[in-house]
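Structure incoming, see below.
Chain lettering (A, B, C, D and E) follows the sequence in which the chains are written, and residue indices restart at 1 in each chain.
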Amino acid sequence: PQTASAETLRVGTECTYHPFNFRDANGDLQGYDIDVAKAVGELIGAKIEFVCQKWDGMIPSLLANKFDLIVASMSITDKRKQKIDFSDPYRVSIGQFIAAKSKNLDLFNADGSVNQAGFEGLRVGLQRATTYDNWIQAKAPNAEIVRYDSTEALYLDLKNGRVDAIMTNPMKAYLKFLSKEDGAGFSVVGPQIEEVEYFGIGVGVGLRKGNDALLNRVNKAIQTITKDGSLETFALKHFPFSIHPKKWKGAG
Amino acid sequence: MSFDIMLIVDSIPKMLVGIGLTLHLLLLSTVIGLILAIITLLMRISGRWYLAWPAMTYIYVFRGTPILVQIFIIYYGLPQFDFIRESFAWPVLRAPFGCAVVALSLNAGAYVSEIMRGGVLGVDRGLHEAGKALGLKVHQRFIYITTPIAIRLAIPAYSNDCISMLKATALASTVTLMDMTGVARTIVAQTFAPYEIFIAAAIIYLVLTWVIQRGFGLFERRMSRYVKQ
Amino acid sequence: MDEGGQQPVILLEGVSKFFGDFQALKDIDMAVKRGERIVVCGPSGSGKSTMIRCINRLEEHDKGRILVNGHELTGDVKDIDAVRREVGMVFQSFNLFPHLTVVENLMLAPRLVRKTAKPEAREIAMRYLERVQIPEQADKFPSQLSGGQQQRVAIARALCMNPEIMLFDEPTSALDPEMISEVLDVMVDLARDGMTMICVTHEMGFARKVADLVVFMDQGEIVEQNPPAEFFENPRNERTKLFLSQILTH
Amino acid sequence: MSDIVGWLDDYFWGAMVVLRVFGVSLLMAVLFGLIGSAAKLSKSRIAKSIASGYTVVFRGTPELLVLLIFYFGSAVTLTHIAQIVDPEIQFVDIPPFWAGALAIALVVGAYMTETFRGAFLGVDSGQIEAARALGISNFKTFVYVRIPQMWRLALPNFGNHMLSLMKDTALISVIGLEEIVFVAEIATTVTVKPFTMYAIVAVIYLAITTVITLVVSGLEKYSNRHLERAR
Amino acid sequence: MDEGGQQPVILLEGVSKFFGDFQALKDIDMAVKRGERIVVCGPSGSGKSTMIRCINRLEEHDKGRILVNGHELTGDVKDIDAVRREVGMVFQSFNLFPHLTVVENLMLAPRLVRKTAKPEAREIAMRYLERVQIPEQADKFPSQLSGGQQQRVAIARALCMNPEIMLFDEPTSALDPEMISEVLDVMVDLARDGMTMICVTHEMGFARKVADLVVFMDQGEIVEQNPPAEFFENPRNERTKLFLSQILTH
């Protein structure tokens, strides 16, 4: 309907979630989310303009019309879906615990279920208003949750010993922390967690409700970049490994 | 988006969960700040440069930079150095509460010492001279003449400073503390209704401000019995 | 250490005082005997206040010698404390302690300096309040008194330390005309009782009535000093004449 | 050092944002302060109570909250108002820069209201009587006698308010404006040197506040020149 | 509207003034003819200031009539402005505008009220500065002058509006003794030139020298009014006697 050339879409993203969305030393935005947003923009013929927004204000800002799309590694959850719409997922949504090796934490039983005793009084750092927050409140209510405004602070404080463990995205953690000198004494604890009930069906693009035309165009674009291997290319640009599990079918 | 008054009413009780932490922060940092301020003031008016200069530098730096930046430097910045993490101060600096108290107290110390200095300088020189002429010694003049008058002169500014401190405790939410603002931000993250929730929080802060102001007002009136109406 | 008779209780010899480059006192000589009453007058800025402030070392003189009751005023703290105990001072602006009641104002120095017990200090205070005729104001705060009453309290406060010498720096010039007389009355009374006094004032009626000597200062110097009769009827110096004509014209 | 160099230009642009917010909010805050103090000194009871409501609310609420409320709330309120006029309108919004500047200006303006009010009262009432006795009208008395004298009295406090305004700009990172605190945060994610990065922020703020202090004390000297004794 | 001859330029009839419940003026009657010089005296709080402030409506009276040069003082703004242009006032505390130089102080009202052009206003200002004998101070700020000089500037400032009547409220009581005479000299000079004046003062020498009538007030009432010779030599009322004795004692 709209003429493609005239349209500008403002995209909200965190700008501090390395390597999904971040700013390099030149001041340019980079990352997997950014690549996805740009590709989507190109496919639907709109100019993309990025807006940096703190994580906990992401949805309120979208609702307040500070921008038109969220492309910020936001997992598609039922709770969020009550407020906003999501596109099809463009990557999986998983979480994992990370802690010092020396702590020898015993958080999960052999069958993969949660070992409540292991969480007793454990200080777990995570980012405010994330899927991890919801998961741990439901599954390990006896842990002490420490909420941060950004993920980067998580690694700093894990290293500094202010929290016993963190729950975060393992791909990001590997790249940013575990593979680095700082992360030498740390490792993942327990399996990757991807319960759809908490983590949703993956990470998608967020839109205000009642914008079905735009939603359809975004969905179509995501299907295209999933099928033509663009997503895989984007991922390999930032990670030394594929972030898309073999069984993940993506959109469509 | 719509505006929901009931949400404000409903969220106020939830927010009160954080009031304890807010008040705890406020109390501790005003008390420590007061002690720091007295030490700094005495250093400044000691007339010895090696005491006065550090005090002035301290005041200059802390009054010249935003508290938010101070909190970030103390919380995120200091652990960059290994020696800090191995020092005796680490148990305090390790906890976000400790960091917030340290930042707020240092801030209060700098401001309050200036307020007290204003009070001391506001004491009429003639009164010092009268004390001298009566043969009172330096410390007697300071205790019996300067201090009581300076305190009264400083109350209004000090009460303003306490209110600024209350407002500054809100910044603790940026270093993971669940004070009232921290709680409010978490509720926003769940309800996606920032407008209502933050207004509810503002209402509680306003009530606290009112209480503080009122308290100081009564104190000032008591201290000012001798001033002509 | 005791000097009765003709030994002066206050002796200034060649006293000079500088504020930066400005010389406020130029080579002042003066001798005051026990029981003498000196009135100092002169135009504004002539150094009257500076001189009497040097006598109880609220200012430090730069040259010359000042002896008060046998103590020489040097940097020595002990001498200064001794002198201040023996010299009472009354200021133009009263300088009562606003946060203390009248009687507390009077009790403060005896209690802190002389370590007098509280009931005794109170008794002394009440005695001097009666002397200045306002015992009924004892429990008010200074701000609740008229200027004349405040100045009388200030005089009583100085008397409570039982000083040998009283210094007055324009004690009535901040007062409304009708209050001046109530303060001067108290001072006349003191003078009659034989108190040694140096009083900076422009109240020439007072000078005539009680002064043994009127000292006229100008530009940091003592220009003329004479008994009042001589001083007023027969001023020698031109500057004195000019000053007297100005002050007495209307 | 090499950690820092690549970020210097970001800090520079961040500092420009800070200065822009500072300039805009300072102008607005002075305006709010003058209006507020005029209202408080007026005889109208309504104006008085609106003004004191304004000062109570904005002096009693943490700046952080005011900022968040304005950032999120401006859209809601403006949209509501706009929809009354034209129901077709879906969203109205003010950009974060203006929301941030306005929020800070309202807070600081509340403090300035009190300062200006005090300064107006501090002008000796004898001055106003003298002007009235000379037959000078109320308005001209205000312009030629009260304002020039009030300004001198307000200056020291005004300087303090400028400093707090400057420091309040640190909060606008919370609503996503890319000023220096934000730059430090981003730089930390790459360099993992939080102390260094935030210390730069502190130094920049210290430099700016020092300049403000110097300017204010210069102005104070200038405005007090008529009180210097000429001897 | 023109009244020469014996018509009074100032007429107070049954004027009362309340501050809250307190009655500061009680039924005051007074008539001042053109060229007359009235001195008002009385104890503090007796209503002297209040009375002359009512005459140029710095205070509003509550009862009675006040006529100034034919204008009755009511709420009517036009009349008030007219009256203020014709009545000059000099205050105890000078009230010079501190942010303006001396000559700017003098020029302000002519420029704002009479719309006089700048060069002309300056000329007028300099004329009156010469009259009060301080033309050389024109470009200083008030704070750089002595009290006596400041008060002379204040008188010149009032004269610049070319008033018919001058009101003085204790013009010398904030001054040091030597400065009093320089101000009184200027006032004597004005009186000799035939200016209508009402002057609140305790300078009895001045009253004797220039007053046509001395008015004594107490507790808001005019207790006695008489030519100075009669007033000083032969006071009738007890309160007048008491007051005179207090003020002339020392």
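In the analysis below, a residue touches a chain if its C-beta (ideal position, glycine included) is under 8 Å from a C-beta of that chain, and two chains touch if they have at least 3 such contacts.
The model shown is predicted, which means the values in this text are computed figures rather than measured ones.
Engineer: Compute the shortest path length in steps from subunit A to subunit E over the network of touching chains.
Structural biologist: Contact-graph shortest path, subunit A to subunit E, evaluates to 2.
Engineer: By the touch criterion stated at the start, how many steps lie between subunit B and subunit E on the shortest route?
Structural biologist: 2
Engineer: Ranking chain pairs by contacts, what comes out on top?
Structural biologist: Comparing chain pairs, contacts are most numerous for B-D.
Engineer: Calculate how many whole Å lie between the centre of subunit D and the centre of subunit E, each centre taken as the average of the chain's C-alpha atoms.
Structural biologist: 46
Engineer: Return the distance between the CA-based centres of subunit A and subunit D, expressed in whole Å.
Structural biologist: About 38 Å separates the centre of subunit A from that of subunit D.
Engineer: Taking each chain's centre as the mean position of its Cα atoms, how many Å separate subunit A from subunit B?
Structural biologist: Result: the chain centres lie 38 Å from each other.
Engineer: Which subunit A residues sit where two or more other chains touch them?
Structural biologist: Where subunit A meets two or more other chains at a single residue, that happens at 57, 60, 64, 156.
Engineer: What positions in subunit D touch 2 or more of the other chains?
Structural biologist: Answer for subunit D, listing residues that touch two or more other chains: 68, 72, 75-76, 79, 174, 188, 194.
Engineer: Give the residues of subunit B touching no fewer than two other chains, as numbers and ranges.
Structural biologist: Where subunit B meets two or more other chains at a single residue, that happens at 1, 76, 79, 174, 194.
Engineer: Pairwise, which chains touch?
Structural biologist: All chain pairs meeting the touch criterion are A-B, A-D, B-C, B-D, C-E, D-E.
Engineer: If you look only at subunit C, which of its residues touch subunit B in the complex?
Structural biologist: By the definition above, subunit C touches subunit B via 56, 58, 81, 84-85, 87-89, 91, 93, 95-101, 108-109, 112-113, 141-144, 154, 157-158, 161.
Engineer: Which part of subunit B faces subunit C closely enough to touch in the complex?
Structural biologist: Spelled out, the residues of subunit B in touch with subunit C are 124, 126-127, 129-130, 132-137, 140, 144-145, 148-149, 152, 225-228.
Engineer: Would you pull the subunit C residues touching subunit E in the complex into a rising list?
Structural biologist: Residues 43-44, 173, 176-178, 180-181, 184, 202-203, 205-206, 209, 243, 246-247, 249-250 of subunit C touch subunit E in their complex.
Engineer: For subunit A, which residues are in contact with subunit B within the complex?
Structural biologist: 56-57, 59-60, 63-64, 79, 83, 125, 128-129, 133, 146-149, 153, 156, 159-162
Engineer: Which part of subunit D faces subunit A closely enough to touch in the complex?
Structural biologist: 6-7, 9-10, 13, 68, 71-72, 75-76, 79, 90-91, 93, 96, 174-176, 178, 182, 185-190, 192, 194
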